[in-house]
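One chain, chain A, appears in both complexes that follow, with chain B as partner in the first and chain C in the second.
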Partner chain A sequence: MLEARLEQAAVLKKVVDAIKDLVQDCNFDCNDSGIQLQAMDNSHVALVAMHLKTDAFSPYRCDRNIALGINLASLQKVLRAAQNDDLLTLKAEDAPDVLNLVFESAENDRIAEYDIKLMDIDQEHLGIPDTEYAATVTMPSSEFQRICRDLNALSESVSIEAAKEGIKFSCQGDIGSGAVTLRQNNNVEKPDLSTIIELNEPVGLTFSLKYLVNFCKASSLSNTVKLSLSAEVPLLIEYKMESGYVRFYLAPKIGDDE
Partner chain B sequence: MAESPTKDAQSQDLDIPLSATFIPPSITRPLLSSSTSYTHHSPHPPILTSSDDRPPCILGVDEAGRGPVLGPMVYAVAYTPLNSSHFLKSHSFDDSKKLTASFRSQLFHSTCTPSHDLHTHVGWSCTLLSARDISSGMLRPNTVGAYNLNAQAHDTTARLIREVIESGVNVAEIYVDTVGVATSYQAKLQKQFPGAKVTVAKKADSLYPIVSAASVVAKVTRDAAIEVLAEMEQEEEEKVEEDPEANGEDQNEAEKVEPAEDGKQKGKRTWDKVVEMGSGYPGDDKTKKWLKSNMDPVFGFGNRAVRFSWRTVADMMDGKGANAVGVEWEEDVDDGDQRITGFFTSGDSVGAGNGSWYGVPVKADSF
Partner chain C sequence: MGIKGLYQVISDNAPDAIKSGDIKQHFGRKVAIDASMSIYQFLIAVRSEGQQLMSESGETTSHLMGMFYRTLRMIDNGIKPLYVFDGKPPTLKSGELAKRHARAAQARAGHEEAKETGTKEEMEKFARRTVRVTREQNEECRRLLKLMGIPYVEAPCEAEAQCAALAKAGSVYAAASEDMDTLCFEAPILLRHLTFSEQRKEPIQEIHLEKAMIGLGFTREQFIDLCILLGCDYCDTIPKVGPTTALKLIKEHKSIEKVLENLGDKYNVPEDWPYQDARELFLKPDVSDAKELDYKWEAPDVDGLVEFLVKEKGFNEDRVRSGAERLKKGLKTSTQARMQDFFKAIPKTKEELELQKKKNDEKAAEKKRKQKETDAKKKQAKKPKLGK
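Entry: the complex of A and B
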């Protein structure tokens, strides 16, 4: 059986909010390393991988590997009933047909209990190879969100170019063009506001802004976001949590890279 | 209303056989077949061409087939010199809905017959907006903005009038029938045609004989178009359609016409000729039947006759009790979007036993 308690319900709330617009139904795979999820969007252009490690829970108990097939919209509905500070306990049998969620208020003795019906989801697991990326850029997640949102108003796609001195996001649209450049800067006092570029070689790729804007819904998970780029491989966007991560992969666009 | 002409009273001065359906010159089969919208202009009536001084004319505008789910929407104008307008009254032009189908047909036929005095005095033009063009206008994406039926109607009307004026007709007065608010539409048209006096009125087709003439042109053209379309669809759908009535159509049925006394929209069609398609109104049983038997469960309808933008069609495809096949539309893949599956390999073939490692999925029968 599975029994996993999160100190803060907010963690799961944010995870679900971050991916529910990309994926409708998916399996939460529970095993002794924690709870994992891997799913593609309907058009199979983007992939999301999530891992909540056992450290995120106290206690965490999972006797057998269980796949919890969940409709994310349903899960979100139930999670709305939880306060951010509530203790959240997930429980499931070994061959479950429901997932049991218990919300315990930190302040008073309120206990709320919900069951979500599970579904049988035939899901394809993709093997993601370890990649040595040409460029890895860490920047404030709010800044990345703002750039994507601003450029999305002009165009459907953005070209991301990483060089030694900075990272440049630029786009061409019907009404005009736009570009935002972030220079490498190390903010010692507030490290979260730094833009750090680790570069093996300069790289430039084009991506669909629609997806990037969608990924940015994960910004509440972390103050910083890490972009990893290499020519002709999917962009990796990682939001690190205290004990886990949410990663998005997006294939580069072909044809119109300049 | 009381002076609805009967077949007997009117038929003596008409020279076409009652049994034949009159296909007016405004029907062009190849264009109908290709779902193209088009405009037909009659030659100028001899009375206009014979005089050099371009006599001032009155022009009437009316439409037919706005509501139906099938067939084109027809806009027609008719024009005649101001001093000849009495002619029309003497030929019992009235609201086309108050005239019988055959009488309308005869009036229009006369107008197209060179020896007839109607032909000498009346010129006409009409535009057929195809079902495809109406629907694709109404269903334009939000980014462009829908081209609604009213806007299409107004633009078509204005274009028709402009073309008539540009062909050299001295239009002095314009009369338009409208279903919407008359005043704003009148102002709009007046602005576009400052040289003419524009009158937009509800029920103009029963008030002004020239509008009645236009309404006859529109209605007969529309009915003929429906009939021709039904034939075309019939030819193509022969394999699907197994209705024995379709071929054993009784010619006499065509003439089972009665003057519809009520000017109301509902039930005004009593014409039985087009057995297959009916009137094209969504409420018409024959139309319903036609739609039902002609729907492909996957592709729906051809775009020649059916207006996709109608609720009737959407409900048949997607509504409660719809018998169309459900289609799950994957999100549009933009040009240049590559699938992520092209980069990552399926775990089943590479990652040794990943699937089983994650445990057994919940079975459907466990619910």
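Entry: the complex of A and C
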């Protein structure tokens, strides 16, 4: 059986908010390394991988590998009933029909208990190879969100170019064009506001802004975001949590082969 | 047309083989389309008040309307269509063709009669059945495609077979046809409903041959034998053998030869039943080598389109011009890649596959049970009426 308790319900709330517009139904795979999720959007352009490690929970108990097939919209509905500071406990049998969620308020002795019906989801998992990226850029997540939102007003796609001096986001649309450049800067007082570029070689790729804007819903998970780019592989966008992560992969747009 | 009941058999026994989704999901893919069948469809479906669309001079334009706007719909969704026209029909099809001819003649007679005596609905019904694609209409569609910059190829024989060959060789992602027999020609993926109108809101069906064969537990030969028993265009079926029996027979005996040896007296096998020729036709269809075919997506000839569609056929000029703009745009936009282009699926373990099969079987059994229940209910509901 599974029994996992989170100190703060907010963690799960944010994770679900971050991915529910990308995927509708997916399996939460519970095993002795924690709770994991891997899913693609309908058109298989983007992939989200989430991992909440066992340290995120106290206690964490999972005797057998369990796949919880969940409709994310339903899960979000139930999680709305939880306060951010509530203790949240997830429980499930070994071959479960339902996932049990208990919200306990620390302030008063309120205990709320919900069951969500599970579903059978036949999902294929993709093997994601370890990649040595040409460029890795860490920047404030709010900044990344702002850039994506601003450029999305002009165009469907953005070209991201990473060089030694900085990272440049540019787009061209019907009404005109736009570009935002972030120079490498190290903010000693507020490290979260730094832009740090680790570069092996300069790289430039084009991506759909619609998806990037969607990924930015995860900004509440972390103050910083890490973008990893290499020519001709999907972009990796990582939001690190205290003990776990949410990673998004986005396939690039490629020029015509003919 | 096609294979009788094959879709049902696949969806009952190999549900994973069928996916349905939005047309948008197929962006960036090249697709080979059976042109001859599409034109026929357009002649039947593209109508207003039951009448085919006509230009001022009274020529039918349904086929051009369909070809133009439904091709545009694909282009808007990032799909690159390649049309394939039928060549000579195989000799084996002559029986089927003669039947179709007879039906058309019958329908014409019916149409005449309905004109005199019948209702409007009856007239429409017969009018639809009399539809045949003329050589001129085929020619006009070729001319239209050329002006649109959309490539087409001529199949030496059956267009479905050529579509399948293109998909098999990897030249295109899938073959698009309504005919299920495209699967018998070994198209790895078949798309259905691609040329339907937007308003019908039909999702695009994607049928995977490999998964269908795994689900059925058949080899390709067995799959083809099943299709022949179900009923194809090339030979008759054994009377009284329907989908359930056909599936059972092939599962038990593995080939039509063995089935025939073990078939009881209950069934009358047609004399001179050319099932071997039909099988041969599916296994070794007359097609051109996909690698040698020459086709390219090009910019549309706007002036040519206006000349043809507006001046000759009376289309609205603004709409034709905006269509041409869409064609240009579709040609230019870069393609969005997919995750599978980079990351490969982790193959399922044996246990997972077994579990899945078990679940499928359970679902199928459940479905059958429910069907029986509803049938029983229907029967019961009918009884009192019969008593009256």
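A few points about this structure:
As a convention for this text, the second predicted complex is superposed on the first by the 255 of 258 C-alpha atoms of A that agree within 3 Å, B and C clash if a C-alpha of one lies under 4 Å from a C-alpha of the other, contacts with A are read in each partner's own complex, and residues count from 1 in each chain.
As a working rule, a contact is a pair of C-beta atoms (placed from the backbone, for glycine too) under 8 Å apart; a residue touches a chain by one contact, two chains touch by 3 or more.
Here the structure is a predicted model, which means the values were calculated and not measured.
In this superposed model built on chain A, chain B and chain C take up the same space, so to speak, and clash.
Look at A:R110: by the touch rule set out above, it reaches neither chain B nor chain C.
Shared-chain residue A:G69: touches chain B; no touch with chain C.
Once chain A of one complex is fitted onto chain A of the other, the partner contacts of A:R149 are absent, as it touches neither chain B nor chain C.
Chain A has more of its residues touched by B than by the other of chain B and chain C.
In the superposition on chain A, no contact is made by A:R183 with either chain B or chain C.
Of the two partner chains placed around the shared chain by superposition, neither chain B nor chain C is touched by A:K77.
Residue contacts after overlaying the shared chain place A:D29 against chain B, while chain C stays out of touching range.
After overlaying the two complexes on the shared chain, residue contacts for A:L118 are found with chain B alone; chain C is out of touch. Stretch 331-339 is the one of chain B that runs into chain C, the other listed stretches 97-105, 115-123, 169-177 or 331-339 having no clashing C-alpha atoms. Residues 40, 42-47, 120, 122, 124-129, 157, 206, 208, 233-234, 249, 251-256 of chain A lie in contact with chain B in one complex and with chain C in the other. Within the complex formed with chain B, the chain A residues making contact are 27, 29-31, 40-47, 64-69, 95-97, 117-129, 156-157, 206, 208, 210, 233-234, 249-256.
By the touch criterion given at the top, residues 330-348, 350-351, 354-355, 357-364, 366-367 of chain B touch chain A in their complex.
On chain A, the positions that touch chain C within their shared complex are 40, 42-47, 120, 122, 124-129, 157, 206, 208, 233-234, 249, 251-256, 258. Here chain C touches chain A in the complex through residues 16, 21-22, 24-25, 27, 296-297, 334-346, 348, 356, 359, going by the rule given at the top.
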